[in-house]
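Each in structure tokens, the structures are laid out below.
Shared chain: chain A. Partners: chain B in the first complex, chain C in the second.
This part shows the complex of A and B:
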């Protein structure tokens, strides 16, 4: 055998991957509907949509880790907490009111925290990874809870109304939240959705999926498992931090409950509800969760029981989540794939 | 593939007096093995002879208890799979080892992306990367998987899965490739076609040396330039197939007393 080799790369590409950009379309469609919502919906509904936007952003990140990389974090609320408390500390202690600055610092803080936490956690997979992230989440929660003089303990910390693009809103709170802030958050959602789409469609995203599918083999084809997992962890944490900032501004409060493990559980619930196998699934899950929770809470005080029952039914009958089930139905109708 | 040329001096790959123990159990003792440029080597031996351990040591997965493992003149003991892939040695596995939910194209793109260093920027498009895509397509072409590019790996036939595993090892454009029973779990009819594809693909992809672990003596006889027989962790023989198969004691030692049964078992 000689040193001759096939001249790879000299030939122009013949056929490209047939990718159906369904996930992105669903996400952008959702954005358009949301953008039209203020014209028809009541302020109550719009106020309900803000947590949805916050959760959706967090879940876009969460699913990079869960759906793409195969790492199920049970402590992801930690980063919502980091984002929320960053916003609270900056607005009420340091007098920083620029929302852009809040986002920037929240991004940096969650990246920093996740770099440390992730470096320890991503060495493990499956239940061990889940338990470790849970432990870090609990650790952060007790810090928020116990260090009263820094964090306000169970009282939480106030988040003052920020300036959007340096402009002050003189109207009432609801008008601010359902008006400029709503559109600002929605734009952020669309933008971060686009960025996440790019990430999942990149060679980097492909390497993450290879790790999810078979980490042992991935290493033999040159995938740097630790580095890739850590990168996914940090990106997902940044999305969590930004989502947390939006949640905190919406409620005007950074509360230790935000970082509590049940809140991490809610994130997992939303991802499973919408379907972690698809790009837009978790966002759909967040929407259905927020609306369902609001509805059930309005009719019974045993809402946790109902939500639990929904989760059980979901796992038994729709393991692929809502979007996965819809996709399967569409495929079946189109003659199957 | 032609046998080694005299002009080439140092071997591509060398294991020198390698020993490997697992506790009290000595899996390999004083094993030496070399692969010259252009060679196809078969490692044979009964179960438990240390073949897979040798491959694991050779691919840097296990660190030898004693001895040296060198690839292209550099020590590779325990460097790990990623570094090994970067240096130009890749490996396919005994059991089918694929990314079940990825398509053939994606599977090959994983390896090509790491070879072309495309993962540093998470915003780079995979689909519009013509060089990467063309590269993945060429590998698929060479391994006869072109028609299956958009097929999900888990739905391929057993033989195709094997080929895909081997193809992703080729996609790294390695100098040396190690194959742990490339045809295990494949029907006898498919075995020969897989080997034919493999050898011609190696030629086309510029692979300079192949080491395979193989039980099927027909394949060993037909394709290898040299046979290294292991028995209880020691090298029993290192000779061309002609000499090896001329010696009945060799065959008996390697495949046991009933070679026919063993052949059927695979």
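This part shows the complex of A and C:
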């Protein structure tokens, strides 16, 4: 076991050739199952699936940075916060209700913020990058928390029900969220998943992986490290912003906790839980995390302890995450190691 | 003028406590290369346990004046939880940093609920002992003598730690292990023991820091996660892995916060992060750090 985990480099090479064609299929399969879910599942389950969609989108972006580029951001919740507060400010302060416009502005805002933050952060790697992103996340959090008259402080800001495709949807909050909004978010998830798949398969994605494997060598063969990293950072931030917008509409509230560093930690938790070495892994991780947290919360008030213990055990015994472990089992059964 | 003295004294008191936690973080990072997100939990653990210990001691008839040594001993004793935690961490020393960061995050989550279970969700305060030493006049400002004692204690620990690392044989071995673990092991050092020692000492620095701060403020569930980011600011400003950096960084953060609270309360933490960003732009490795990777 210990030998295997040290030898991550060669294992990922094997995995990539085996699983790469499957990552997208897993994601699309997940989308299909999710699309059929409203026919069998209760509204409660559907309401649980909305945060999952939001987190999955954010994690698709997060993993471009973490899994592909090898940069671990511990402040990624910052962009969820940007997306959520953009939605809140637009709907409740400026009266903009079109969801498409919300997404557009959230995209622009996250891109803008991440350009500045990223330009400062991507000069570093490893732990320094993690700590810097954490500092920026907290910078934003303390702004949200302390400037009551702009952000509502710890009360947060309300997010009004948006118009989808310019149409107003009648019915109660639950009906709206589990009906039209659910499908809208799911479609967005599939679309952004496709786009991310194209990104990881493109020469750009290859550049990122080359940087992760050996930055010096990549620079030597002409990869523009700074620009590529920054581009990955901005793209991942945009995904985070969109995910945050979905989360905020789901809860109807944008609050500072969204940008708190422990929330960033949860994102990393999800990514590793699912397996950051695979394309669909983080999305699976988000699903398991959301369901597990809901389940543990329903049986004990000490759910943090359980989640923390799960995380510790995961790191010690299953560092490849769920998808990595499943894959290893499949490989073993096929006798192909 | 009195306001300035007030800010400086308040800031230095905060810095003294912050230094202890940050020093623990630096020590563990320097030797084990692990950034310990659970350092804030150790701090909170020290605070909660300190309250319980002093409460118990007073119930047993101890004069309140002796509470400071009780707190220090309580901090040292509860710091021993570092040992079992190090046993778990030992399994992942040679893994990627992201896993090390995550596992300490897992410990942080677990500790949150341990505190909730043992001490409840409402903040706990220690009553009636904060002013047991009276207060002193300092340049026209009244300060609780306790604050001055804590500053002195923190300085003493800083000096002691420095002497330990620089002058003693074990200190030299610790530094050698930090420099190159394999080489040290090749020369007959039992690195596992050194790691356990270092992690426990790092943990004790945090718990003693928490125990010392609690008479002046409350122990709450938020203090762990809040302190983590503050000590990160200290470490980034001072430079990762440097003890002198921890001292200077703690002073910068402590004074900055105290100044912001009295001038622009909204900027309390924002100002700290702004300094962090500024330092990173001007001196990316921190004030005393080696070049960033």
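Miscellaneous remarks
One rule holds for everything that comes next: the second predicted complex is superposed on the first by the 316 of 337 C-alpha atoms of A that agree within 3 Å, B and C clash if a C-alpha of one lies under 4 Å from a C-alpha of the other, contacts with A are read in each partner's own complex, and residues count from 1 in each chain.
Following the convention adopted for this analysis, a residue touches a chain if its C-beta (ideal position, glycine included) is under 8 Å from a C-beta of that chain, and two chains touch if they have at least 3 such contacts.
Computed from a predicted model, the values in this text were never measured in an experiment.
Of the two partner chains, chain C is the only one touched by A:132; chain B is not. Contact with neither chain B nor chain C is seen for A:42 once the two complexes are overlaid on the shared chain.
Look at A:223: by the touch rule set out above, it reaches chain B but stays clear of chain C.
Within the superposed three-chain model, A:235 lies in touch with chain B and out of touch with chain C [touch as defined at top].
Looking at the shared chain after the overlay, A:202 reaches chain B, while chain C stays out of its contact range. Touch criterion met: A:72 reaches chain C, while chain B stays clear of it. Once the two complexes are laid over each other on the shared chain, residue contacts for A:210 go to chain B alone; chain C is not touched.
Once both structures are placed on chain A, chain A residues 5-6, 8 are touched by chain B and, in the other complex, by chain C. For chain B in complex with chain A, the residues that touch the partner chain are 1-2, 37-38, 59, 80-82, 84-86, 90-91, 93, 97-103, 105-107, 109-111, 113-115, 118-135, 137-139, 142, 149-150, 165, 168-169, 171-173, 202-208. Per the touch definition, chain A reaches chain B in the complex via residues 1-6, 8-9, 11-19, 195, 198-199, 201-207, 209-210, 213-214, 216-225, 228, 231, 235.
Those residues of chain A that touch chain C in the complex are listed here as 5-6, 8, 66, 72, 74, 120, 123-128, 130-132, 134-136, 138-139, 142-143, 145-147, 260-262, 265, 268-269, 272, 301-305, 307-312, 314-316, 319. By the touch rule above, chain C contacts chain A in their complex via residues 35, 37, 88, 91-92, 94-99, 101-103, 105-114, 116-117, 225, 228-229, 232-233, 235-236, 240, 265-270, 273-274, 276-277, 280-281, 284, 292-293.
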